[in-house]
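What follows is a pair of complexes built around subunit A, which joins subunit B in one and subunit C in the other.
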Partner chain A sequence: MGRFLLRRLASAAVVLFTVSVLTFLIFEVVPNGNPALRLAGRTATPANIAAVEKAYGFNKPVYVQYLKTMEEVFTGRIVSYAQNLNVVSQLRQDLPVTASLVLGAAVVWLVLGIVLGLTAGLHAGGPIDKTITVLNFLGISAPSFVIGYVLIYLLSFKLHVFPSSGYVGLSDPLGWADHLVMPWFSLAILYTGIYAQVLRASVVDTLSEDHVRTARAKGLSRRRVLVHHVLRTSLIPIVSLSGLDIAAVLGGSAIIIEVVFNLPGIGNYASQAIGALDVPPVLVITLFGAFAVVIFSTIADILYAALDPRIRATGAR
Partner chain B sequence: MTLDGTGTGRVPIYEGGVGLPVVPAGPYTAGVGPHRLALRRLRHNYTALFFGSLFLLVVVLCLLAPVYARYIAHTGPNDQHITEVLNINGRSEDVVSVTGVPIGPTWHSRFFLGADADGRDLAVRLLYGGRTSLAIGAMATAVTIVLATILGLVAGYYRGWADSLISRALDIVWAYPVYLLAIALGVSLATGGISIGPIQLTSGSIFVPTLVIGIVYVPYVARPVRGEVLALRERDFVEAARALGTSNLRIMVSEILPNLTSTIVVFVALQLAHSIILEAALSFLGAGVQPPAASWGTLLSAGAPLFTVAPYLTLAPAALLVVACLGVNIFGDGLREALDPRATVRAGR
Partner chain C sequence: MTALLQVEHLRVSFRTEEGVLQAVDDVSFSLGRGELLGIVGESGSGKSVTAMTLLGLTRGPNASVSGRALLGDLDLVSASERQLEHVRGRRVAMVFQDPMTALNPVQRVGDQIVEQVRAHEPVGRREAMDRAVDLLDRVGIPRARQRARSYPHEFSGGMRQRVMIAMALSCSPEILIADEPTTALDVTTQAQILAEIKTLREQTGVGVLLITHDLGVIAEVADRVVVMYAGRVVEQGSVEEIFYDPRHPYTWGLLGSAPRLDKPRPERLPTIPGSPPSLLHPPLGCRFAPRCAWRLEACSSEPDLKSDGPVASDHLGRCWLDLGTARERRVVGGTIGLPVRAPAGASRRPGDEPAP
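Right, the complex of A and B next:
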């Protein structure tokens, strides 16, 4: 186990380092043209541009710029181009909104996915199974922001059930939930579909396994067999998936949903920075998003290895 | 190699290995290849066929966009009619009202689904946008599949340092959340364009989002392909080919690649849906197709600010997008089921 842990951590460190270099290159080097030109404004004189280049260090070699940027990111001193505001403190302010959104959505998709997947798996082949499968595919095929707009249209403008936008802090729990119900569902429907399909397949497989038949044969109740023998085995892929998916949503569809529902979270911040071609916030958010995925998947791998000795021996995923 | 009696050497693949299809003996099954069997299974999956044809219908409609624009709507996708007044059932209505609200669906040949804020015919833009979205989806899928197949083949076949190098590179791309990487690349390329040797992509080109979408999905396809190649390379027919002195390239192309077709076909369908959705998301955030070019994503993003007064501007492209993706997703699932040899075959039909 010790050797596996060491190898996995070393490879995570290599990936993290490469990710940071790549992210930096994507933003600082790939775009043709000098960022100083954009920063100096439209009527800049060559002297202005040179001053901006000097102030931001654009005239230094790329690796110096990289080290300087990383130092600023990790000491929390990086500021945005657009308003010269500290990026990290802005992120800290936005984090509770994004965390409420993503964790709430994860609860929704886990509960719904397990209920739907279990129901479909137990009725495999029947009309209930087919209906659920088509619904799952509908969820997988509809982009989250489309679902968001349809929900706003139906529930806010037609029926006036939920507010269409905005965020209320946790100090007002009812208002908080009221404002987040539609964003949660918009975000969760895709993953509900995926999880229900995964769980359904897993339940169908497990139901035909020997240990389930044995449990039934020795006279255990159907309910007990389902909970202790079927669900327990079938849930393993779901649980390991959800950690990764939460990280992916943080750096993915949460951005779009925050824009749709006008939630003042990290995603909205990223979107505004993208619109203004403001590189530092996008760089930091991309970097942290990628870090989250690497760290979550490393933890998942280590947990897996702790549970299953075969993985440790081969190093396979 | 005639493992399955067809003389093609193609062996269907199921999870965890390779094997012959489990086919109940029947008068029609003898000497029928696995792909023929798969087709037979697919032919009886009416759900998959229905949704597959739904997707085809959307494709055909979008391909006919110029015909619709010319002979039915009598306007182009970028023609503005802001000041025009329409005569609908005896009433005259502004295409765009003085308060800036565009006309809703008229259900007539002109402005069938209404107009957008610039007085452009929404139905025409929807179909032209569909062409862009579908084209980007198809090309991005091609990029993903070709790159992933090559990388997966090389990594799985040669193993060793080639595998380590490719797998680590895939790990790195995989580490980025798909949307963030696509947005990051989209933003940086959309602002500056890119030049790789002789290929010059300007910032407004639709090849920028195509390339971005194609690349971010490579690890999701390359990893399973590599896994299958790892299993296939240990099979007897590969060893036999090697014993005959067949070159590595030839073994990969004519022995292993044909056995990957099932997997690749399924991924093509899945990736098509994924790519279309990612295009919409990217364009929605302004990092994909650049206006005034229409795509489902740009239409959604243009409609969003007017959502309260003109919801159909958002709902129409949303509906078409969902129908297309649903169609290709369910058809793809049907394909997967048909190609899975463990699925029960109704022989003799």
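Right, the complex of A and C next:
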């Protein structure tokens, strides 16, 4: 286990380094990417721009700039060019919003995905299965912002059930949930469809396995066979999938939903920073996303090994 | 001998996309206390379906089962799913063919036994685990207390089959159904597992239904034998009768195609020509006739399963050949077998010309 974590840490360092270099280079080559143009103001003379370049070190070689920026990232002193605000403290302020959105959505899609997938798998080939499969594909193919706007139109403007935008902190749990219900479902519907389809296939496979027949031959109740033998083994692929998906949503896919529902989270911050070609926030958010992927996939692998002893024997070398 | 299990006219069919598949067709037999009954036949003869039907494991929207299977007063064919849950594992336990896949890969073997015990008896976890360890020890698993905490993939095939047997015995069942329990194992392990089953039968008096395609296994452990072909019982009798006085040409073919150590080795191991018929469209008349060197005009209608001897006995065969002719014809090269073609000049009764 110790060695497994060490190796994961080493690969995380490689991933973070690569991601940071790539992000940095993108802004080097993007047209109009020179931040001095914006920092110097609208009416700047070439001399002004040159002065800003000199002050910020933009005239130095790329690797020097990179090292300086990374030093600021890791010391937490990095400041955005557009607003001149500390990026890390901004991120810290936005994280609870995004975490509430993503983790809540993950709970929604896991619960719905498992219920739908298990039901479809147990009725494979029948009308229930076919109905669920159609719904899944609808959910998978509908863009999340469309679902978001449809929900806002129906539930906010027409029926006035939920507020259409904004965020309330966890100190007011009811208000918090009230503001997040629609974002949760908009974000979760895609993944619900995917997870339900994956679990359905897994359940169908497991049902035909010999050990499930053995479980029935032991005289276990139908319920026990389903929960302890069929579901228990079918869930294994879901676990490894969810680690990566939660991380991916946390590090990027939440952007659209945050914009649609005007949630002041990391995604919104990122979209503004990208619009302003503001390197420091984009860099920090990208690194945060990559870090989230590494962390969650490690957690998923640990859970995976806990669920499947066969992995433990070989996978944790 | 009082019968533990009385199977009468059991029929099982499955609706498939190509039509109705009659997997088991009018099968009757009985199993006595402490008896070891072998069911032998090729793949697709219906032996496994028979066994699984006894536990209601073939039930499904596309299956139809008729006949009776009496376990005491309870008819396993018409019993409710709830009643069957109380029979499975407790009164009738089953050991499956492939020990590599029959155990749950993500559950410790001790827990798998505990789960069965606690499904049927009001015992605590600890007590159930003690029993599991006892059982594992009894079926020859060394350091049973420790091994109970292992997962199936940490055992060899033979050891897993021992675990399956321990699990099957955990609630002291009246009947143990073993469906090809040694087929997936190497020969040495086969012998150990068979010895284990024999010992357990002597110690516990459990009735064993042993399903196999391997006559060597039958010869070693069975008391009585049922020979199945294409969903039908074609012959049944004591193990001596089946091996030394077989009535049905299919049985001759099976015996003739078993490798022998006590006879000079033939150039090629004899086989029964052809392959078993499709159960979607079984042949009219005797189902073995298309593969039988001795088929007669009469074989276009199916003979009854009957006793052919001068005295009625439990040795039954399903063939038109009379006893004397059968005893003459089954001898091939000094041993029992079935020729590919009827030899020229073989004695025939008038009117019994081989069908074209």
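Miscellaneous remarks
Definition applied: the second predicted complex is superposed on the first by the 278 of 317 C-alpha atoms of A that agree within 3 Å, B and C clash if a C-alpha of one lies under 4 Å from a C-alpha of the other, contacts with A are read in each partner's own complex, and residues count from 1 in each chain.
Operating definition for what follows: a residue touches a chain if its C-beta (ideal position, glycine included) is under 8 Å from a C-beta of that chain, and two chains touch if they have at least 3 such contacts.
Predicted model only: the values in this text are computed from it and were never measured.
With both complexes superposed, B is the one of subunit B and subunit C in contact with more subunit A residues. With both structures placed on the common chain, the touch criterion links A:His211 to subunit C but leaves subunit B unconnected.
Of the two partner chains, subunit C is the only one touched by A:Thr233; subunit B is not.
In the superposed model, A:Ile255 lies in contact with subunit B only, and not with subunit C. Looking at the shared chain after the overlay, A:Tyr63 reaches neither subunit B nor subunit C.
Judged by the touch definition given at the top, the superposed model places A:Ser221 against subunit C, while subunit B stays out of reach. Residues of subunit A that touch subunit C in their complex: 209-211, 213-222, 224, 228-229, 232-233, 236, 307-310, 313. Considering their complex, residues 47, 168, 171-172, 174-181, 183-185, 187-189, 191-195, 273, 277, 280-281, 284-287, 300, 304, 307-308, 311, 314-315, 318, 321-322, 325-326, 329-330, 333 of subunit B touch subunit A.
Residues 11, 14-15, 18-19, 22-23, 26-27, 30-33, 130, 134, 137-138, 140-143, 145-146, 149-150, 152-153, 157, 247-253, 255-256, 259-260, 270-271, 274-275, 277, 282, 285-286, 289-290, 293-294, 297 of subunit A are the ones that touch subunit B when the two sit in their complex. Residues 55, 57, 81, 85-90, 93-94, 96, 98, 101-107, 115-116, 119-120, 151, 153-154, 164, 167 of subunit C are the ones that touch subunit A when the two sit in their complex.
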